[in-house]
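Would you mind keeping the following structure in view while I ask a few things?
Chain lettering (A, B and C) follows the sequence in which the chains are written, and residue indices restart at 1 in each chain.
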Amino acid sequence: MTENLDGTRPAKGVSAIAAKEGGGFPNPGLPPHAHRQGDHDRGAEKRAERIVAVMFLISVLGTALFIAAYFVFTPMDRNLLAEPGTLHAVRWSNLFTGLGLAISMFFIGAAAVHWAKTLMPDEEVSEERHAIAGSPETQQAAADIITGGLAESGVGRRPVIVTTMVAALAALPIAVLAPLSTLGPLPGNKLHHTFWKAGLRITRDHDGTPIRADEVAMNSIFHVMPEGLDSETPDYLEERAKAAAVLVRIDPALGKNQSSLDNGYEGILAFSKICTHVGCPVALYEQQTHHMLCPCHQSTFDVTDGAKVIFGPAHRPLPQLPIEVDAEGYLVARGDFPEPIGPSFWDIHKDK
Amino acid sequence: MKALAARRHHPMAFVVILLLALLATGGLYAALQPRSAQAESYSQDDVAAGEALFLANCATCHGTTGAGEVDAEGNATGPSLVGVGAAAVDFQVGTGRMPMQMSGPQAARKAPQMNEEQTRQLAAYVASLGPGPSVPDESTLDLANADLENGGNIFRINCAMCHNAAGAGGALTRGKYAPALGGVESTHIYEAMETGPQNMPVFNDDNLSPEDKRDVVAYLKALEENGSPGGISLGSLGPVTEGLYAWTIVLALLVGCTVWLGAKAK
Amino acid sequence: MATTTPTKPTAASASGSSAAQGGRMMKLGAVGGAWLDQRVSGAGFVKFFARKIFPDHWSFMFGEVALYSFVILLISGTFLTMFFVPSMDEVVYEGIYAPLQGAHVSRAFESTLHLSFEVKGGLLFRQMHHWAALVFMVAIFVHMFRVFFTGAFRKPRELNWLVGFSLMILGMVAGFSGYSLPDDVLSGNGLRVVDGLMKAIPIVGTYLSMLLFGGEFPGHDIIPRLFTIHILLVPAAILGLIAIHLVLLVLHKHTQYPGPGRTDRNVVGFPLFPVYTAKAGGFFFLVFGIIALVSATTAINGVWIYGPYDPSPVSAGSQPDWYMLWTDGGLRLIPGWEFTIFGYVISLNMLIPMAIYGALLAFLALYPFIESWVTGDDREHHVLDLPYNTPVRTGLGVAWISIYVILALAATNDLIGMKLHLSINDLTWFFRIGIFVIPVLMFYVTKRLCLSMQRQRRDLVLHGVETSKVVRLEDGEMLEIHEPLNEYDRWVLVQHDDFRPLTAGNGVSSLRAAATSFFFKDRISPVTPAELREAMAHAGHEKHEIDALTGGDYTTPDQRH
């Protein structure tokens, strides 16, 4: 049973094809054709013709609606249903131009398909397939051309040329690396430092105002940035991407991690807002459980325990920003984050 | 001006100045005082009626004095209400979260059980337990002068991570959630920020000023007013519902066409 | 070309147009045709293509849906490039959207809002572009699994399967790069996830990230770079592969479902001209109309609500478009595994999901080669398998889809949790376990279902169709008369190939023997003529009836002894 059903032997050794007893049933061939109503009924044919024509006409109406809507339901100038320059005007413009376009397109298609189905021949036709592989003669001719060409080029006889050619082609891709390197700088120590430094006041993210310790109520959260980081700062967004932090206040009695409390001020703790998994802003703070949740992949951090991971894909705790209070009672950083913020990378633990 | 200059030396001038200074100080004090002290004036009757309602509806969990209750295993059945203020009551009772129907991960919004008057009386009673945030008045919530851009910025930075950028709500840990904000009354949104109900952090006036909070409310109302210019919003839940729509409604329309196209005409 | 022209039904040929009009059109056509023929061999093309046969089946149309969505993407995308500015320079927004007036936004974001709100028809084109992208990927998936489940990837179409697979990957790249262009909070956080994943690659990760973003995330280069990728590189590659896909389609000719008169040596259907020109051409307009309808009525990706990108904010329910969802699911399910070796970090919480995605894609790409190695089947196949006739392949496909769906669902666990009042922690654990258990279960159930369908069809062939006519025998027994199937209906149920497990040795490795056993251990063979004759004789049919129905000479049991 190692033969294929068509009598040829499988090229790849033994096949798992099970031959059918007696070759199985014979193919009965195409069944007799069943005619449509329209094929012998003049009335049905006329009806189909009318439907096709009506659908083409509906498409014309759709096009007219599209053009009209484009000029009488505009977002900014004339709009029959809403004040121009409002989102309501945009909505009507979108709705009517869209419907016009939909009608004009859909009914061209519907008409063409209905035409094909009801009025064009519906008897199935059989076409022979041709072998995909060339005939033995063609295959031979092709092989001859290739071997002849190779012989003419002397690939076989000139090993030096072949070797050097391979060397040249192998060396070339390395050249690609050079222009590739201009796409960006080397990482250097950029990922190891943020805008925070000792003495910088902690300010509200949304308006840049500094925060006094007594303003941080129990169970509240402040989204914060370092003082002086504003749109004038060079690489503003890059710095924000690393400096983003949150300030929470917990009852120190709840604290489970003394060194974390020591880095805070009377239960006020500052943590990086950037998830240590893949870098989403964390910041879904539950004030009763003191859990901080990342909305992207649900890593959950316990802020009473030094932002340790208690659920989800993150591994490292959120880096904590050491803080203290300055002479005027404002919260300030005691330095940068003790380790790089955000997702882990190869040399994250190396000092740079 | 001359007349004023002439009367500066009048013996009564000192008294007038003193009065003016007192008024100014008082006014300044009133203006600078944390909002919690701007208590709405509740009558003694309100407090008494509120206490009766409290004992009948809330004392089981919050204790007969509103100081909280602890069950046999030492777990708090209800938190202390001393100092939560009238705003917390107006929010919790006004949105139907309290009295709680059944215990669960968190109290859900439902049709309020108390009418407005009863809510006011309960608020009066709880406010009498200790000073706390009061119900914001109309001038605080005058949205006409609000800065939408500021409100949107604050909302995205402080609120969207839980409540979703469109205010459509979002999940928290272990079955808790940040509710959708659509259709919530301005006062209640404001009170929620002020008091931090359940697991929501507190955004008191030291964090977000009353104007900031008003701007946030105005931004949410503007989102509602603007609607969805592109058509059906699909719950404003983003790419997931859009993908689901593509796999169901749109694919069904396409399959309908392909089946019609492939079927033999009669 | 052995095309047989059908005899035209008389009614259809005598339609309205007068002979004179027809004559004039013919003459014009002849002049134009000759002109083209002398310049571009028009006649040759017409002769080659116009009577190409295409089989008719609704499930064959999804490749076309993908193609047409791509055309719509090109059209709407061209419109968008007229107004979109791929720049990350900061500007102050001053358009009509009040809640952002005065906000500092990038040019990319500002121009997206401008073209959505202030350009006539802009929002419509933007929504059409995005909906068409979703439909493009839906159609590719449906098309790919139609091909998978019907075995259309078998010889000679393995390479075209790979071309299609590459198109699916490129579709994902095109989609993701486009989704990021408006520079809003949602897509910006998506890019940040990509940045995080990149950095996790050992040794070179941080270098790659710096090269892609032109420095630290987000930098000033990523939007212009993605723009070039999105409007030039990827579409050009997609166009090229579509061309190869279609050339191979013409070369191989279309596959067809099994049916009477359909063999591996012919193709039965309708000619390209006129029937398929009308049907397939019309179908383009239908797809366009549907996408326009959806775009007119349903909002998609309101970037003004997400706001301009800033690294600080994030929105609850942050997910990528549906075709990327599965890549987010693994990141949610993986526990926080990370270890440090010689002071260097290996972030398994990112590397394992990426490895799983790679393995899933590799399985899909290589499946045709795996299956042909197992079967050793070297024949050309143009008649499709019915999915229930290949229980193991169908089971594997369903298992693959179930992994994909679980990953996609895991990526939406927060929305599921919120809408169904479930805990995201419980859901995560459910999916963590489910991703191991459910695919196995799905494979087993699907395979059993296929086998029972095969069994049912065997019974149908052997015993015929119930006629509702009941007779009462002399001994009081009631019997329902079964009508034997006619040969056309029967053919579909008995035509398929049969495979059996191999034993190791004799050129069969033990691995391959195990593989064939996995694939073909449980098998229901198609009915053979002999079996049918037995069954009919058993049911009391006369020899002449049996011979007429089975096309053979039935040896009655009496004759055998």
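Methods note: contacts are C-beta pairs under 8 Å (C-beta built on N, C-alpha and C of every residue); 3 or more make two chains touch, one makes a residue touch a chain.
Note that this is a predicted model, so its numbers are computed, not measured.
The most distant chain from subunit C is B, comparing centres defined as mean Cα coordinates.
Chain closest to the overall centre, judged by the mean of its C-alpha atoms against the mean of all protein C-alpha atoms: A. Between B-C and A-B, more C-beta contact pairs join the chains of B-C. Taking each chain's centre as the average of its CA atoms, subunit A and subunit C sit 19 Å apart. Chain geometry summary: the mean Cα position of subunit B and that of subunit C are 48 Å apart. The geometric centre of subunit A is 36 Å away from that of subunit B, both derived from CA atoms.
Residues of subunit A in contact with two or more other chains: 38, 87, 90, 94-95, 109, 113, 117, 122, 205, 223, 281, 283-284, 295, 298, 311. Along subunit B, residues 153, 157, 161-162, 170, 172-173, 178, 226, 228-231, 257, 261, 263 each make contact with two or more other chains. Chain contacts: subunit C has residues 56, 116-117, 123, 127, 279, 282-283, 286-287, 290, 293, 295-297, 310, 312-318, 413-414, 424-425 touching two or more partner chains. Interface residues of subunit A, counted against subunit C in their complex, comprise 4-6, 8, 10-18, 20-22, 24-31, 35, 38-42, 45, 49, 70, 74-76, 85-87, 90, 93-99, 101-113, 115-117, 119-129, 132, 180-181, 183-187, 190-191, 205, 223, 225, 231, 235, 237-238, 240-242, 244, 273-274, 277-281, 283-284, 295-299, 309, 311-316, 342-350. Residues 150, 153-154, 157-158, 161-162, 170, 172-173, 176, 178, 196, 198-204, 206-207, 212, 226-231, 257, 260-261, 263-266 of subunit B are the ones touching subunit A in the complex. Listed in rising order, the residues of subunit C touching subunit B in the complex are 56-62, 65, 98-103, 116-117, 123, 127, 130-131, 134-135, 138-139, 142, 185-186, 279, 282-283, 286-287, 290-291, 293-302, 305-307, 310, 312-323, 325, 412-415, 417-418, 421-426.
Put simply, subunit B touches subunit C in their complex at residues 105, 148-149, 151-153, 156-157, 160-166, 168-175, 177-178, 219, 222-223, 226, 228-234, 236-240, 242-247, 249-251, 253-255, 257-259, 261-263. On the side of subunit A, the complex with subunit B involves touching residues 36-38, 87-88, 90-91, 94-95, 109, 113, 117-118, 122, 204-207, 214-223, 248, 281, 283-289, 291, 293, 295, 298, 300, 311.
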